[in-house]
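See the structures that follow.
You will see two complexes here that share subunit A, one where it goes with subunit B and one where it goes with subunit C.
Let's turn to the complex of A and B:
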């Protein structure tokens, strides 16, 4: 099966390490990803606040392009790593199927651009692909550096599992937990795994946003985690880049590496830090990794 | 609004807008709004409700009662981070997150949103960038946001920005799609159409509910 890769704006900028590591891991697993040609913004949260119709039209253009790129094949499997893009595209996918009046309007708009959407799209998250399209031995077979003794908190955030996705449980999702266990790591019981990190508020309305991120970090630390893994560029950014500011404001020193689950996979597969974007971090996971290797390996 | 309404706290029935609930309910699936039982599950689930001026449950009650001005100018809708907890948990299947979006869009259209509050400004700047280029460029988005809200904040964020820049995570290069014309012609069709119908639109399409 071939997949069409939809990166979204963040994976080309603050979330570059996510793209680096995703491509490296999928290549190691021998799953071809083909980037969607001339993709545009998914119509994310901020856009939807101004015009929902246009947000749906943006998603629909991506669908139409993906179908075209997929050619005569059956359904185009669109792999969308960013949680916000995943939600935006999934929402549009659902609404266009369920509301004929809206569909008619959007079809009319697409036609003006010479495009057509034929409902032959599946919106997929990489976690969904890894768990449901592969047999577990494909992942375990590649593990060269098992994460023994590493305590990992899996952070799914909000938009990945709510409300339109159906590949995982909305209250207690498990796909990332399963992957960490396949890599040999230990999953910390951390009930906040789908609580909101503050989203765009963390950067711009800090009185509110930083506290939301702080709640997550403090609880993860209390539960003894060595590392947090996430599947969303905004969650990763909020939880990692503001740690020193959060420590200052709340008088509670917090320093926990926050990396993408794909970076953790790549590390376990023995891929280099450069390939995985592990040089693009604020809090280095080197100490956590060396713990998994019994303190023998000196990293980075 | 009359001058003295600025400080008057009491609202009389004649001040309310009975069509407001119909405007909000005009979004797809919006009619569920009429079945709210005021249980408060939404407010209980919402991680941000302690910081809001009105909780999500109150917002729904106010929409139904017709407190249009209060709802559209509140901070609540602009604090909603769209985490969809309320939408998932609502026992009556009310899509609260979509209702928050509908209120945001009406507030922007009627220009009653809190003016220097960063979230509506961020949304507008994001919207403009995507209309023009098809993609958002995070560096420009942030610069424009600070210029329009509080330019001095740029200095506070400078250290973080430089660090991201040195890691290749922030670049001044403008991101853009190739076929901007194609996107423009798609969006142009939707220029005059809205998913949230205003009072006049409701009347003209015969969807007015008394």
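Let's turn to the complex of A and C:
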């Protein structure tokens, strides 16, 4: 099966490490990802709250492009790593199928641009692909640096599982947990795995946003986590980049690496820090990794 | 009222069309005047008229007068579904000395006025259905119903309180009852409960006398560890095969002395004890509980070393002084004839792990209500003590209502019993532990005799009530008081704030769900289910224990969530309905049987294997098939399959059906 990769804006900017590591891991797993040509905004930014129609039209253009790029193949499997894009496209996918009047308007808009959308799209998150399209041995077979003894908190955030829960439990999702276990890591019971990270509040009402991030970080620390993994560029940004400010506000030193699950996979697969964007982090996971390796370095 | 007489030539049918208003049920949508005017234009219609309620006495008398006056010889009533009033109008025709099968109903209520808001469309469809009925009835012939004697024995499926009560009622009335239960003992869910609400009388104390009465009753044949495998036949004359699973113990020899259980090579339990819902373990040879009925041991083939691997010293055999153990026992099939069947197959409780937010199976000390029922029961795995997994008594307990109920994500319906049993458990837990008990509820639903008073009593016992659906249960502590506790988070809708209540123990009040094998049972007995999977009664108000299959009745929670009093009441009603059927001694069968037009039969034998009732045989002399009208149930299978059209069915001949279709089409 081939997949069409929809990066969205974050994976080309603040979330570059996510893109680097995702592409490296999928290549190691021999899953071809073909980037969508001429893609545009998913519509999940301010569009959705100002004009739903424009947001859906943006999504629909991406769908039409993906179908065209997919050629004669049946359904285009669109792999969408960013949680906001995933939700935005997923929502558009459903609305276009369920609301004929909206669909008519969107079809006219696409037609003006010489495009057509035929409902031949599956919107997929990489976690969904890794758990449901692969046999577990494909992942375990690549592990060169098992994460033995590494205590990991899996953070899903809100948008991957709510309001839609196509591939995981809405309140206690498990896909990332399963992957960490396949890599040999220990998943810490951390009931806050889908609680709000602060989202865009960190930029607007900062004290509230930081407080929400602090709750997550403090509880992870309390439960002895070495590392937090996430699947959302905004969550990653909120939880990692404000740690020193949060430590200052709450008088409670917090320093926990927060990386993408694909970076953790790549590390376990023995890929280099450069390939995985691990040189871009604010809080280095090096100490956590060396704890897992127990001193014995397998790969460079 | 307007009546017209159209003179018709001799020998022509004279059809009366009567359009019912049904108050405004029909007349509110269908233009009745226009419909009647239309009916008058149809061929062979000699009378066309309307009336507010055709089913009323004056309505029936209109038809009877026209019949007696010779104005009509065939009747079409355009009104409700034949399920409602076909028997009424047929009776009216008999009373007027007319054959009741020269009658046809056009359903312009359920099929027309109740399913549209469009008056024009309703009127047009009503006309089309009347045209079809008029066209068809020309071909009706006088027919006679046949009477078939009824077998007086009854089968009751399921040995919970509903099945027990139905079986005893019938047995007391002198009927022979077969009670079939799939578990090794009867008693069902009620046998597992400690006390019953609202009277707090001991569940076992009121149930076990009825269980022994079943065992001792000369009119009841009790088959436990058995399942119905096959049902054939029809009302009054069912042929049923019951599969008796081998329990590897001779039921007539075993006295339930427990010697074999004690002697088993496994000195401790090794597998989940079903009766204690997994709170304890049992051995491969076991007796479910001390009052099990019958009090006979059973060997579980999944765990017994002898049965699995044929390698055991078999100390159980040596221990049994009565030589009751028999490893060679095989499945036994019993064939019985019964006149009526009562389904009392019960329910299952909602699987709490389906709601991941509530942490069942993830955190210790979160129990389902059924588990706590066993815990508070003096004969249960903890001897009636309520304690945490570390052996200590809980100081605070949270009871979460509506787990799996009143939520479109799980079950939209209210399970009806949870509020009351939650109150009961709150009382029992407080009594045993003196813990602070918090009930989290959406609405308190206590409609029953003495139920609201019981709620009042609990309020006085200082049980806490928080109105709000629980959002989440976790071990996430935010203040020192929450450390090491289960924290229940809920919106208290009375104070308008989110509350976090730390507790030692959580009870999840799980709702009721249809059995997982409901589809199998449904097919076996040919009954319908609601979309949730509850067996469907014939009418929700007026036929609550009947099904759409004559002779099959419903009792207890298989029809929908019910508490013990309601289950018992319904079981009594089902038994009475079964008795009414049996005591009449016969059933009247619709004359919609198949018949053979011999001259067209080519002797291809296609029909022979298709008849589910064995009503078709082959006449080797004439080289044609032959239909036994007394056995035919009118299913129509052979008629549809007959390649030459030699097989026809009364009331549904090809011609009649084609005429009906033509009637609709000619109008459209």
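Methods note: the second predicted complex is superposed on the first by the 292 of 300 C-alpha atoms of A that agree within 3 Å, B and C clash if a C-alpha of one lies under 4 Å from a C-alpha of the other, contacts with A are read in each partner's own complex, and residues count from 1 in each chain.
Everything below uses one rule, namely that a contact is a pair of C-beta atoms (placed from the backbone, for glycine too) under 8 Å apart; a residue touches a chain by one contact, two chains touch by 3 or more.
All figures in this text were calculated on a predicted structure; none of them were measured in a lab.
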Discussion item. Applying the document's definition of touch, where does A:247 land relative to subunit B and subunit C: first, second, both, or neither?
Written reply: neither
Worksheet item: Can A:290 be said to touch subunit B (first), subunit C (second), both, or neither?
Response: neither
Item to complete: May I ask you to decide whether A:49 touches subunit B, subunit C, both, or neither, giving the answer as first, second, both or neither?
Response: first
Worksheet item: Which holds for A:38: it touches subunit B only (first), subunit C only (second), both, or neither?
Response: first
Discussion item. Contact-wise, after the overlay, does A:219 reach subunit B, subunit C, both or neither (first, second, both, neither)?
Written reply: second
Worksheet item: Counting only touches as set out at the top, which of subunit B and subunit C does A:115 meet: first, second, both, neither?
Response: first
Worksheet item: When both complexes are superposed, which of subunit B and subunit C contacts more residues belonging to subunit A?
Response: B
Response to the item:
Shared subunit A footprint, subunit B vs subunit C, residue numbers 170
Response to the item:
Seen from subunit A, its contact residues with subunit C in the complex are 169-172, 189, 191-192, 219
Discussion item. Touching residues of subunit C toward subunit A in the complex: what are they?
Written reply: 356-357, 362, 472, 474-476
Fill in: Of all residues in subunit B, those that touch subunit A in their complex
27-29, 47-48, 51, 79, 81-85, 87-88, 97, 101-102, 104-105, 108, 117-120, 122-124, 126-127, 130-131, 134-139, 142, 145, 160, 163-164, 167-171, 175, 177-179, 182-183, 185-190, 193-196
Worksheet item: Residues of subunit A touching subunit B in their complex?
Response: 9-10, 12-17, 38-41, 43-54, 57-58, 61, 87, 95, 98-99, 101-102, 105, 108-110, 112-115, 158-159, 162-163, 170, 195-196, 198-201, 203-205, 207-209, 212, 241, 279-282
